[in-house]
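Across the two complexes that follow, chain A remains constant while its partner is chain B and subsequently chain C.
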Partner chain A sequence: MAEATTQARGGIHAASHPPAGRHATEPVLEIAGLTVSAGPVDLVEQVSLSVMPGETLCLVGESGCGKSLTCMSALGLLDDGLKATGSVRLFGTETMGAPERVINAVRGRDVTMIFQNPMAALNPVKRVGAQIAEAIGEHTELRGAAVDRRVMDLLEQVGIPKVERHKNYYPHQLSGGMCQRVMIAMALACRPKLLIADEPTTALDVTIQAQILRLLRDLQSELGLAIVFVTHDLGVVAEIADRVAVMYAGRIVEAGPVDDLFDDPRHPYTRALMDCRIGFSREPGTMLEAVKGTVPAPSARPVGCNFAPRCPTADARCQAEPSLSSDGARAVACHFFDPSAGAVRQ
Partner chain B sequence: MIPATTEGLVATGLVQTYPVGRRLFGPVEHFRAVDGASFHIAEGETLGIVGESGSGKSTLGRMVAGIEAPAGGSISFWGESYAPVGSPQWRRQRRQVQVVFQNPAAVVDPRWTIHAQVREALTTHETLARSEADDRAQAMLTMVGLATLGKRLPHQLSGGQLQRAVIARALVLRPRLVICDEAVSALDVSVQAQIINLLLELREKLKLSLMFISHDLSVVRHISHRVGVMHAGKLLEIGDSRTLFEAPQHDYSRRLLAAIPADTPRQRRERDLRTFGALP
Partner chain C sequence: MNPQFVITKLVRGTLTLLLTVTFVFIVLRASGDPAQIMLSDEASPAAVAAFRERWGLDRSYIEQYLAYLTAIIQGDFGTSFRDGRPALEVVMERVPVTLLLGFTALLITLALGIPSGIMAALFRGRWVDHATMSFTILGHSIPNFFLGIILILVFSMTLRWLPSSGTGSIWHLLMPAVTLGTAAAATVARFTRSSVLDVLHQPFMRTAKAKGIPYDRRILRHALPNAAIPVVTVVGMRIGGLIGGAVTIETVFAWPGVGMLLVNSVNQRDLAVVQAVVLLIALTMVLVNLIVDLTYGWLDPRIELHNRRAAKT
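Presenting the complex of A and B:
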């Protein structure tokens, strides 16, 4: 996977997102062999991925596939009682097992996170402007009037109108979309190099979602920001991703450039996800190609390939766990994937 | 003009208001959640209602379901008007129109088996021999694909299975109209497709009329014969599903449809090229 992603960087962002910063060739985030377990149960198994400066990696999957846990592990924010093993490198520094001060040095400044429910992440009894100011005071040298100016700039940047007035509002006085903008402003307060966004638009109306996605894309090209974007919505993936990693039941089952995945999904689960999309090209009222069954609970995952019980093509080989193998552009964890036969798209 | 018919539901000028407080010495002020909505749903037809949060689509659904009496306007349900909420006649009418909500876990009793809950819906409205009620509940569970899971408790089912159970409980009464209020919105995409297929199949088999309320425009387009767009309490336009999505008449509908994510990254780039003239 590590090799796969390094090579997969090829066309797309060389063309559309020139890497910013001094360490242009070094991933801002590199996760290798990450396993998260709760007691004897593995929730996330052997996840490896990397994100380059200026690129957007979408983590896609249904509930319980481990996408959020992967993000939380990347920031060292796992709940007590969960145990992570493997390697997480932020800006080249190993943070797994490192003392708290190592990750504190970058968390909130170089790498920040936004969540699905902005109302829950904001302090309800503090004016939104003051909350952003607090983040700035915590992580930068700015003080006094300079902080105020920065707060106003940020709120303007994320498209909040009448900043002078709205910065004095409490979260409950703003709509969900506005609160998410405030969260993004706060996340950008210290000019981070990596933004982890966990379903940031799932709770929002489509018109607000479209605005937030556009905002993130604009900010990305302006600031050279790398984004890890967690979503279950393939439409959102089509809107924002450069590369995609599809997760199923705790594992990455397929990863590659976004166009390749949409044009020619290789893993049966990716194909199933693509097939049950309800796009506008579909004839209304027709039966959807629904994959049978549901995602297994972490404690009830099958032996071998996790998707085998739901897979239309599974056979005896699927009793053994498939490893993620790469044909250069694409990595797929399926016994039916032949990396040597797959044509590499340019 | 809305056809005068006894086959189906006709809503005329529906209004719902909620009090939002009062000024000092002033009159109580009202918020108009639904502001004059007129539409009809023919027998066997699915009417989709789309709109953003706060547009009034759920309020509209509750009035059509007879859960809330409208503050204005009228509903004709297969030629009958709704009886006052709580009256004996209202109870009889209630079984003709059923509702399926977003979160199935919130509307089932955690201590009762799935089969018992479907049976109870039936025995609440009909006096039946135990064995007949059992049989009809079991037949309904089979129809929604839960033939072998009737003995389970709600927590032993997945979200998709639980939504199937809720659909079984609604349909066992053989309603004429089912209101689905975000009925598939909380489900994982692969499960969502299963439930949509189930609804398509059952509405055909049972000649159901559906009112399908959702913020998800693609799902509404797929399942509805006609679609109405709601905004700020008003039903802006209603049209044949295909026509409405291809050529929306109202400005707001156009904006709403334009906000739907692209199907593929290629479509997204083509759209951006059209909209902005250059790639970002």
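Presenting the complex of A and C:
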């Protein structure tokens, strides 16, 4: 297992291509061998990934595959009943198992998070402006009127009109899209270097989704922040990702640059996902593909490759757990993938 | 606070009071003839007739009811059969003693119930939680009068530390207030605990954590203000019950308050006094509910907005 982990880390490291002009040596987030368990059941198994400054990593997969848990672990936000092991390094500092003040030094300042349901993520009895101000007061030297000015600047930056009035609103007086903008403003309050976005557009209308995505992209190029973007929407991935990590049943099955992954998916699960897309290339009138079967529950995962029961190419080898192996740009966890040949053998 | 909201609540409260008056009127008239009970069996028919005429009991129920309503609106609650003084006066002179007991008990309730409920929630599953919950089960299951009698046995009869009945000093107040206060503290502790637990699992608590807010401030600024909303309801109900809620305890400790007056007046069919007491209890309930509703609007902005929207349409 240790070997697999090392390989996995190596694989994704090598696969990272920060966009030109934003080179930095150290990853802002580095997760290694992360396992999240609820009692005897492992929900996330041996996940390793790293995010370089300024890049966008998309974490893709079906519901329940462990995307959110991976993100929560990165910020130490797991619920009480869950236990995480492995390593999480934020800006080079190990936070796994460290006291809360260690992670609080960066949490909310250098690394922030936005969530799936923005309405529920905001405190219902506090004005939105005050909630943003709280983050500023916690992590900066600004006080009083300076905080207020910063709050209004932030709200303007995320495209909220009439900030003078809206900052005094309570969350329930704003729409879901507006609340997510407030969440983003709050996340950006202390000029973070990494933003973790856990399905930030899933609960929103499609038009609002597009607005929020555009906003995140603009802010990213403006502020040079790295983004971990969790989604199950491949359209969103194509739009914003630099790199993609595909998760299935608690593990990363494939990772690589977004264009490579879309052009030439190598893991059978990734390929199946790509086949499910609706696009212009699809012949009108043809049936939409669906990945056959369902994701196994964490307690009922098979021995060996988790995808084997649904995999069209599975054979006897799949009884053993495949390790995530890399050919330099791509990492794939499949026995049929040959890193030296650079393609999945048929 | 918007006026429409307050007015709606006031109108509803008045309706509640009217229903109470009517209900009490019907029940008391249906439960026996006061002339028969006040006068002895040997009273001459003439004396009974005179008594009935004197108190308006010879008129039809409708007439009696209307006369009673009119009188109440004018602030006249009738005259006590027993000592001929205005019923309201008889009741009001008992109110301060009852309030003294009630508010002392309430202080004990709040001081015990809220902190222990919060601690139980924050240390869920640990010994603080188990201890608190065990005590709340005790507090719930021991009847009030029984706890009162036990306290009297221990502190008055055996140890001879505290007076068993009456009023006059802080020592007289201690046992009835503790008896009343601890039982209610159990309810408040349970409500507080479940309310805080519920809030701790809300997504906005995770947001606060993600913002890097330290634990104690997450609890103080984010969890408790939200958890307070349901707790206000229970505490409000306790306050509403202060005037009439101490009936058994006042009887056990011979505490000369409204509760004891009510029991005595019911026994003696002192209609005017019973009506005045019941109305007073209803009035406090209605007023406290109004205050609780207004407090909601202050604690929870969602409620106020809802009403403001309703007012606009």
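To be clear about the criterion, the second predicted complex is superposed on the first by the 316 of 346 C-alpha atoms of A that agree within 3 Å, B and C clash if a C-alpha of one lies under 4 Å from a C-alpha of the other, contacts with A are read in each partner's own complex, and residues count from 1 in each chain.
Here is the rule we go by: a contact is a pair of C-beta atoms (placed from the backbone, for glycine too) under 8 Å apart; a residue touches a chain by one contact, two chains touch by 3 or more.
Since the structure is predicted, the reported quantities are computational estimates derived from the model, not experimental observations.
In the superposition on chain A, A:Gln173 makes contact with chain C only, not with chain B. In the superposition on chain A, A:His232 contacts chain B only, with no contact to chain C. Chain A has more of its residues touched by B than by the other of chain B and chain C. Of the two partner chains placed by the overlay, only chain C lies in contact with A:Gly108; chain B stays clear of it. Using the contact criterion defined above for the overlaid structures, shared-chain residue A:Met186 touches chain C, although it does not reach chain B.
By the touch criterion stated above, A:Glu62 is placed in contact with chain B alone, chain C being left untouched. Touch criterion met: A:Ala241 reaches chain B, while chain C stays clear of it. Contact with chain B, but none with chain C, is seen for A:Ala290 once the two complexes are overlaid on the shared chain. Only residues 201-204, 206-215, 221-222, 225-226, 299-302, 305 of chain C touch chain A when the two sit together in their complex. In the complex of the two chains, the chain B residues touching chain A come out as 52-53, 158-161, 188-194, 196-197, 200-201, 215, 217-219, 221-225, 241-242, 245, 255-256, 258-268, 279-280. Those residues of chain A that touch chain B in the complex are listed here as 16, 62-63, 176, 205-207, 209-210, 213, 217-218, 221, 232-236, 238-239, 241, 258-259, 262-263, 272-273, 276-282, 284-292, 294-295. For chain A in complex with chain C, the touching residues are 75-77, 79, 100-101, 104-109, 112-113, 115, 117, 120-126, 134-135, 138-139, 170, 172-173, 183, 186.
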